[in-house]
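Before anything else, here is the set of structures, which you'll find just below.
Two complexes follow with chain A in common, the first pairing it with chain B and the second with chain C.
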Partner chain A sequence: MTVVIGFEGSANKIGIGIIRDGEVLSNPRRTYITPPGQGFMPSDTARHHRAVILTVLKEALEQAGLKPADIDCVAYTKGPGMGAPLVTVALVARTVAQLWGKPLLGVNHCIGHIEMGRLITQANNPTVLYVSGGNTQVIAYSERRYRIFGETIDIAVGNCLDRFARVIKISNDPSPGYNIEQMAKKGSQYVELPYTVKGMDVSFSGILSYIEEVAHKMLSSGQCAAEDLCFSLQETLFSMLVEITERAMAHCGSQEVLIVGGVGCNLRLQEMMGVMCKERGAKLFATDERFCIDNGAMIAQAGWEMFRSGQVTELEDSWITQRYRTDEVEVTWRD
Partner chain B sequence: MAQEKSMAVSEFLSNAELLKQGAEARVYRTKFLGKPTILKERFPKRYRHPVLDEKLTHRRTVQEVRSILRCRKAGISTPVVYFVDYTTHCIFLEEIVGSLTVRDHIASAQQPGSCADAELEQLAKRIGQILAKMHDEDVIHGDLTTSNMLLRRRPENKESDLVLIDFGLSYNSALPEDKGVDLYVLEKAFLSTHPNTESLFEKLLKSYAASSKRSAAVIKKLDEVRLRGRKRSMVG
Partner chain C sequence: MAAVEAETNHERGKLGFSLDVPFPSSLEASIALRSLSPDKEPRRGGISKQLSVSGSTLSVRWSADEARILRVSVNSFLVHLSLVIETMDMFGPAVSQ
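After this line comes the complex of A and B, so read on.
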């Protein structure tokens, strides 16, 4: 049996999870929530993580019913992410690894999402749509790498949603994306927005500029309601995502889709992807907010795979990096 | 009139052989006026809003035909357009008989034991030249991949003919930005589909740069877009 504890804190979530051979023993998490109209700043986010990380660690061990001695490896997020929060979490991971005398393992955050999705859904070799506040990528595995076939050429889809939420002051609690999703259910009028797909790549910055420009005018003149804007934005953004996923599937000859990342728990996105899959006889795999949104167990799971294939990170190599592409990691645990 | 045409098209569809379902269309093989024909049907995508679907489908059908004609006028090999029906969004295209995709060609040339390096370099150079020519006509392909390039073998000619297909995402633009992004899209598709071909793609870009007088600004934009792509991986 191999038990791995995973530390995640690359953005505004701090999570610590414990995995024992594919079983999630515990996965507590806290979210740093800012007032409406505001994003989360790196230094404030790091301060939040510092304040709660030991409480979360205690919870993770207690819920799993384990002592430090039972753990075989300490995994932490090496990147990509915001510098200050990453440093905070890596520091704690390094400290406990030395206290407990356990090996350390630096994990790529994106790989964590993919491996967690594969574990929970049992998808074998899917085309992966990874959508979150910082990343938008269409990924498929070949020859020991998760290769990026399509991605955003500017901002991430979650960033576009978050910043739209700030423009019309939608609450960040529990997350801006969740609140947009609920409001969109009440929207009916379709407002035409720019639609920018470039092959398997997408661009969202133009849509954001456009909606920032027109939102207040349309709302104050009564042309449409805030709910209609949420609805139209979701329909447009998600259509683009489904389209590039389908293009990558056609290109790779794939019959499976796995959606991961924070935006991936949006049910409308899952529904649209499901319709596309049905039209081409493919299968959709998706998970809920526990595993889609950043969490500790996903880092533990990727760490578990890496550790079992013989990888460890030496103390002097246990740095973090804000830029760490999915395809930089050699996948030593798959054929 | 439109009604009559659509009925005729649906007859074609029911007799045609489905080849594959791409990202936005079903592709069939059939005969049109006795000629081997590829029928491309942009069927409604039920996952997207009907207003958006109609807009995209119509625009892409129109753009595909326009760009093909523009390329053909410039002497770039693309399939001949036989017939278009805007009601059912169907395009009847010449079938490139006896062709294989550049993607399959590179994959087989990369097999161990096949020492086709020089030949692949030659192919990369030709792709670069043709793309330069296309961009000089201000045609942006919009979905450049090695699956969207065909090699047609000509028995009378030693060298096979390179045919560009699938102009559904194409449009007209003279902006170096748009051309740079077009190359960026190809670069990503190329390198992710064919591992360890960085130097081959470098040759392609070099030949592109040498073939077009306006390439300097495009390559500069390409470098910019690459950096833009890096920024996006800042936050997880």
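After this line comes the complex of A and C, so read on.
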């Protein structure tokens, strides 16, 4: 049996999870929630993580019913993400690894999402759509790499949603995306927005600028309701994502789609992807907010795979990195 | 030769700052050193930082172009140090290896 503890804190969530051979023993998490209209800044987010990380670590051990001696490896997020929060989490991971005499393992955050999605859904070799506040990529596995077939050329889809939420002061609790999703259900009028798929890639910054420009005018003149804007934005963004995912599937001859990342728990996105999959006779895999949204168990799971294939990270090589592409990692645990 | 020259330039006209942190034992001081060392100062930041352990004391020596940059670096180091010490208090002592 191999037990891995995973530390995640690359954005506004801090999570610590423990995995024993595919079984999630504990996965506590805290979210730094800012007032409506405000995003989360690196130094404030790091302060939030510092204030709660040791409590979360205690919870993770208690809920799993384990002692430090039962753990085989300490995994943490090496990147990508915001620098200050990443350092906070890495400091604690390095310190406990030394106190407990356990090997350390730096994990790519994106790989964490993919491996957690594969574990939970049992999807074997899916085309992966990874959508969150910081990342938007269509990924497929080939020859020991998770290869990026398409991605955003500017901001992430979740960042587009988050920043739209700030414009019309939608609450960030529990997340801006969740609240947009609920409001979109009450939308009836479709407002046409730019649609920007460029080959295999997508662009969201122009859509954001456009909706930022027109939102207040349309709302104050009564041309449409906030719910209509939420609905229209979701339909436009998600159509683009489904389009590039379908093209990647056709290219790879893939019959499976796995959606991971925080935006992946949006049920409307899952529904639209499901329609496309049904038309192609393909299967859709998705998870709920426990595992889609950043969490510690996903880092533990990727760490488990890496550790079992013989990888460890020496302390002097354990620096964090804000940029760390999914395809930089050699996948030593898959054929 | 180049290294010596660089070293000399490094000290001349620069702000210096030293910090000594006592730990209960050399083991704790070494753990703190290895936890705090991996993340380097930003390149081209006009600042350098050297960490070392002697006995049970962790020593840090800064050299910087500007007070403003020095303050940011020292401040963030102290914040990181506090977190490492807090972690040791809650999840230590270190197991014998």
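Keep in mind that, in the parts below, the second predicted complex is superposed on the first by the 335 of 335 C-alpha atoms of A that agree within 3 Å, B and C clash if a C-alpha of one lies under 4 Å from a C-alpha of the other, contacts with A are read in each partner's own complex, and residues count from 1 in each chain.
Note that a contact is a pair of C-beta atoms (placed from the backbone, for glycine too) under 8 Å apart; a residue touches a chain by one contact, two chains touch by 3 or more.
Everything quoted here is computed from the prediction, not taken from an experiment.
Enquirer: Which term applies to chain B and chain C once both are placed on chain A by superposition, clash or fit?
Expert: Aligned on chain A, chain B and chain C fit with no clash.
Enquirer: Between chain B and chain C, whom does A:30 touch in the aligned arrangement: first, second, both, or neither?
Expert: neither
Enquirer: Count the residues of chain A touched by chain B and by chain C, then name the partner with the higher count.
Expert: B
Enquirer: Figure out whether A:54 sits in contact with chain B (first) or chain C (second), or with both, or with neither.
Expert: second
Enquirer: May I ask you to decide whether A:197 touches chain B, chain C, both, or neither, giving the answer as first, second, both or neither?
Expert: Touch partner of A:197: chain B, not chain C.
Enquirer: Taking C-alpha centres, what angle do chain B and chain C open up at chain A, rounded to the nearest 10 degrees?
Expert: The angle comes out at 120 degrees.
Enquirer: Does chain B (first) or chain C (second) touch A:273, or do both, or does neither?
Expert: It touches chain B, and chain C stays clear.
Enquirer: Tell me the contact category for A:20 with respect to chain B and chain C: first, second, both or neither.
Expert: Once the two structures are laid over each other on A, A:20 reaches no partner at all.
Enquirer: Just to be sure I read the superposition right, which of the two partners does A:78 touch: chain B = first, chain C = second, or both, or neither?
Expert: Neither: A:78 stays clear of chain B and chain C.
Enquirer: So, does A:163 touch the first partner chain B, the second partner chain C, both, or neither?
Expert: neither
Enquirer: Quick check on the superposed pair: does A:153 touch chain B, chain C, both, or neither? Answer first, second, both or neither.
Expert: After superposition on chain A, A:153 lies in contact with chain B alone.
Enquirer: After superposing the two complexes on chain A, what is the shortest C-alpha distance between chain B and chain C, in Å?
Expert: The answer is 16 Å, the least C-alpha separation in the overlay.
Enquirer: Once the complexes are superposed, what residues of chain A are shared between the chain B interface and the chain C interface?
Expert: Looking at chain A, the two contact sets are disjoint.
Enquirer: Which bits of chain A are touching chain C when the two form their complex?
Expert: Touch residues, chain A against chain C: 50, 53-54, 57-58, 68-69, 87-88, 90-92, 94-96, 98-101, 315-320.
Enquirer: Where on chain A does chain B make contact in their complex?
Expert: Against chain B, chain A makes touches at 10-11, 77, 79-82, 109-110, 132-136, 140, 142-143, 145, 147-156, 159, 190, 192, 195, 197-201, 235-236, 239, 242-243, 246-247, 249-251, 272-273, 275-276, 279-280, 294, 322-325, 327.
Enquirer: Where on chain B is chain A touching in the complex?
Expert: So the residues of chain B touching chain A come out as 20-24, 45-49, 51-52, 55-56, 142-145, 147, 169, 181-182, 184-186, 188-189, 192-193, 195, 225, 228-230, 232-236.
Enquirer: Would you pull the chain C residues touching chain A in the complex into a rising list?
Expert: Checking each residue of chain C against chain A gives 31-32, 34-40, 79-80, 83-84, 86-88, 90-95, 97.
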